[in-house]
């Protein structure tokens, strides 16, 4: 940091971001009552109060405790309770039992959030120099909290959506525009392309290792697959025909008795689905959501196409979508559903994450960071597939063309959809 | 019912009992916050709010709905949510997933309780005749709620006790008296004895079928085994020596890595245990609690003795303990722990339930009641063992010498202890 | 043993029995090829070669090794491989993985049998005194091998019966007589009866503890329930109606999709079953076999009756059936199926074991033997139910009125059937 | 096929190959007795007799049945029993229960092999034209049987290796040469490389889709990691330090209590391992074998390097290893162990398969074949990692630089090893 004036500016901006991000987490919880903060219906879901505490622990543990003079931890037991998976940080409460903990209560966790926020304000407003590395960790903390905001929305949807009462989280805003569902495939010429993060702004370690890939000529869809298109797959017996499926996918379908995307149910012969506005008729124009990789892949094969690779996605996105569009739904819009494609926009960001046919693996020049943050991304690089593009629970300032999300292929409580591609 | 005056009196008494029982359930929940009402750490534990709703559903479904003119159910979804195991009553939410439901919220369930209580008041205060059978069901409902009060205390202890924060539910009252731990064995002569419920007051179907049994001469301990005595078993390597154990018990010990009663843990070389007053030093004079049948049986064998049968227990109890003593702890005392034996009292009631070496099976003249209540007791008569005597979470007016409680032999989150016997 | 002449006679008789029992085990395996000796389709089934070796190990380990001077074990690894569940005897190969062992080959195990048989001949023919205790162990070994002959027949039936080729083990002999299916209930007056083994011949520890029981007046069926009667239960929807079932039984029915006794299958609308003579039409007059306790109990309740207790069975058996009848099928007959009741015989022995409504628990004066043999019976006294009477895989000289067999209530690969009782 | 003379020649060659391949399968089974052909200790292992029958079924079902006039299947039940995973071919016996089948006996399966072989001889010796597509399927059948020969060796090693008797399958041949363990890294320049199968000989569908990839400059080891090097990892606490591990790998290590490669055990402080020659001291110069992807990856990270991608492997192999070397061990050598690197050879083929850091996914121009054979490779393209190079159980004429093998990352009963790479 060259001059202290610059740093003051930087710290002011950081503090401003910090307060906004932290406030959004709280805002997302406003429709909830204490009971809703506690349950963990399946192992992949964390109780909302756990997200509230864990994101706070991240700042306390990685920013305040090592860097703020005389900082006293809010509660010595919280380190054990709210460490997620950092082996570097020692023993922790087992993930699958997060829903077994009624204490600390939500108001205690809210007090924890306030306590850490107060100390973060002091820390960032102090006259003293803040080390570049600390600023880097702080930025990670903000993006980390944005990731947990997204998980929080997945998780609270799961908690509410499996409840036979189908409670409303927040009513939808009225649709503004006429959707444009014309199907169009963007063509990309073969060649050597550069992928991975190249700028100077925030990015995760797994996007680094900018490198070249050779891509053969391909076409990629300019919008997402809709509910209506997916219904055709269901009606054509897609879930019953092994020909479209990976073997483990078809075993999953049979074992779990899968017949439609998650949250879909048939009432009186008509498909409905649970949304954050309650149980709704399915809008056929909306992008399909809550499909696993297996379902996305089977749908693509049924269509005679395939899913794009993550690099096909990234290159097409950079060529055709220079900025994050206003037309998609992001968490900033507080409109908790995917939006049908509007006008002539290509639909690369927001709405729903898109499964790619790329396994989540290290880039050629990938370097694992030192210390606990080395556990942030690298250790998950097996048995998971890459998703790109963000969803209606992602922050607009969190997504970028090189952003690599990843999940196991059978998971579908996240907001996941489908885009098709093919060589030609 | 011979005369209407008698019935008014009876109904008044019933209403009085009803209000007392219902009030106690609410009182037991007072130290809890909404989060504590939701979790289900293991399948055997139900969330406290589920107990609150299920006991209410019992009165709504079996008393009000069939008998009160114009009664409207509080919420049509509650039948599905709060039916426990009555196949007669149709489909229901799966037991193992009770902890996955954040809704209805606690305040909604409290409103449900009030709604049903108001209607019960009207129902019992009306000028109209109430059928004898209805009164019988109502009495079952009260004893049913007392049973759930007991489960509620087990369950909230489990919820709090596995939490690393070891929260206090309620502080203990100071000990009043000097314990008398002198060991004494009561002798009973051989002969034909009559067992099973013979009076005219409330009792469950499984106690009926009064019948005769032949008992050989036996001795039975006049007090419960203490923590101190059980520590000797631990220190003698009791958990490691297969000779004392049933095979399935020893497999359970190894598989679950059992080394002490539930809630016991070693800190700095000393045994402590979680109690409803928080983490405490173990009082060696207190009756041992939270042992499974396997542990009780192994302890007895290590002592060169055995557990009594349920009939040995019942006959000895009737001979030596004509009334429910004041000296034991019951839920009425709000002193949530077992009490060391006081003075010359025999310790047959309250404090902790006692495992017997009798399988829970039908008595010779057992008759399953008609309808849903036929599912109350009979269908559990396999793979479970009988316990006798009540615990510090039992109501004084709920226990009697013929009362048969039953649990699977590996369970120990209940308040269970040990009494020894032998032939001579 | 008073005189050495007596002992010589006794040893001669013992040797004779030994050779007969050992020969029968080998004979039972004659229809098998090496492959049939190896598999373990479910954990409850042991590979036939394991039975051959384990019964041999019993004599080697408990008779020869401790008592025969200079005895050298056949193979030092066999102790680990063929100890079943004797903790006293140390570590052993895990039961559930018995079918993972292709070695030792069958011919090696046959060599092991010959080796031990040769040494047993020498041991029993020697001029030297044999200690009474050793003779007792030897007798246990013979009865132990008879029990394993029975298990061997269960297990080879399972191995062959789940094979889609439905291979024949041995063709049936032609029926000789007209069955008599007239239903009759034997009446027993109330009173104090003495139960448990009282003679001087061989018996197991779990029959000892002769004691008195009080029985209320009851009626007990004089023959077994037939396939035809059980078909009526099936056709009446018995497997679908929860009213007849214990809760754990009904859960078992639903979880395992049970619709008929084990080995029954419907082909072209008609019930067939796998028998040791291959896939056969079901003979409605034959006693029903391969039912679990749950099914036996549900059938009895559907009939408005109940299963007898083990003491009701024993007392009625002693009153009405002084000798082991010739008319039933035992393993001695090599006719591997249950026989319809013949003439006026009561049907208490052979054909199929009969589930009682008694849990397998210790008798009042039960004493666990010292050493490894203390693990023979006592440690299984939990979660199992008593069966009485023997089956077509039992030896005639092995069964007696006081004999207590026991299995978990869900098991039904054994040869198990139903007799009804009621109070009156 | 241009002329019938050419076809006669081709068919003669094919028949010759057919007979050689079939004979080798039988030869590999010679050291086994019937019992060894039956067991399935874990789900991934198939009983040897299943391999014998399934490979035969492949020829019967895909070559003879559809193409040979008047062909009669050997046994109509075998289609159900020996179809592996072809949904196109209908219902089949469940994979996890292959070890539950004692029938058909080995001699019956050998008769099946002879029967099909006789018919194949007639089919290939007939005067009639054979369609090109049939020839293609026949070639697949031969390579399919070579793959099953390899699985057969894995599986029989597993069956023998978990047996506490540690039986010898075949003694090793004496080492001929001095190993050369000098470590050397081959350098490859960055550029666009062509990968995938390009010739006219046999290859699998998953190698097709020849395409270009961009590779950054890298170094790749010219030999395999040795047992000695892997021991250093163990001694350095590699299995205990989470830093080297993928999260799922570390969970696997803890859950399965992994401390060394499969078949390794410590006796008296020294590492031994089960080999097909019995329990042996570990030769530190031999390539390490029986490591999972997790272990290979952790070892590479501990070394500060990484595993190569499948394309890095393929390009380096093509550049440095133009022919299948004589110096490695293949199944042709009947020397059932990996060989230390000899002389100046690079060690790319044979000995042990090498884990790459490439997920097994479709190539850009991948096309799934029509019909049942479309299920051969494509449906496994998820959650598996690519291995390259063949092993000592591979046939020399079966391997090639473009050959893609694949397994789940936790499996290690196969013959799998490690080669390192890095960018520079």
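A, B, C and D are the chain letters, set down in written order, and residue numbers restart from 1 in every chain.
Rule of thumb we're sticking to: a residue touches a chain if its C-beta (ideal position, glycine included) is under 8 Å from a C-beta of that chain, and two chains touch if they have at least 3 such contacts.
These numbers were taken from a predicted model, which means no experiment stands behind them.
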Checklist entry - If you take the chains that touch subunit B and keep only those that also touch subunit C, what is left? => result none
Checklist entry - To reach subunit C from subunit A by way of touching chains, what is the minimum number of steps? => result 2
Checklist entry - How would you label the subunit C and subunit D contact, same or different, if same means the shared numbers make up over half of all numbers there? => result same
Item to check | subunit A and subunit D, separation of their C-alpha mean positions in angstrom | outcome: 39
Checklist outcome for this item: dist(centroid_CA(subunit B), centroid_CA(subunit D)) in Å evaluates to 60
Item to check | CA centroid of subunit A to CA centroid of subunit B, Å | outcome: 47
Next on the checklist: How are the chains arranged in terms of who touches whom: line, ring, star, complete or other?
Outcome noted: ring
Checklist entry - Given the complex with subunit B, which residues does subunit A contribute to the contact? => result 33-41, 49, 77, 80-81, 93, 97, 99-106, 159-160, 162-165, 167
Checklist outcome for this item: Listed in rising order, the residues of subunit B that touch subunit C in the complex are 85, 87, 192, 211-214, 216, 218, 242-243, 245-250, 293-294, 297, 306, 357-359, 361-362, 364-365, 374-375, 379-383, 409, 423
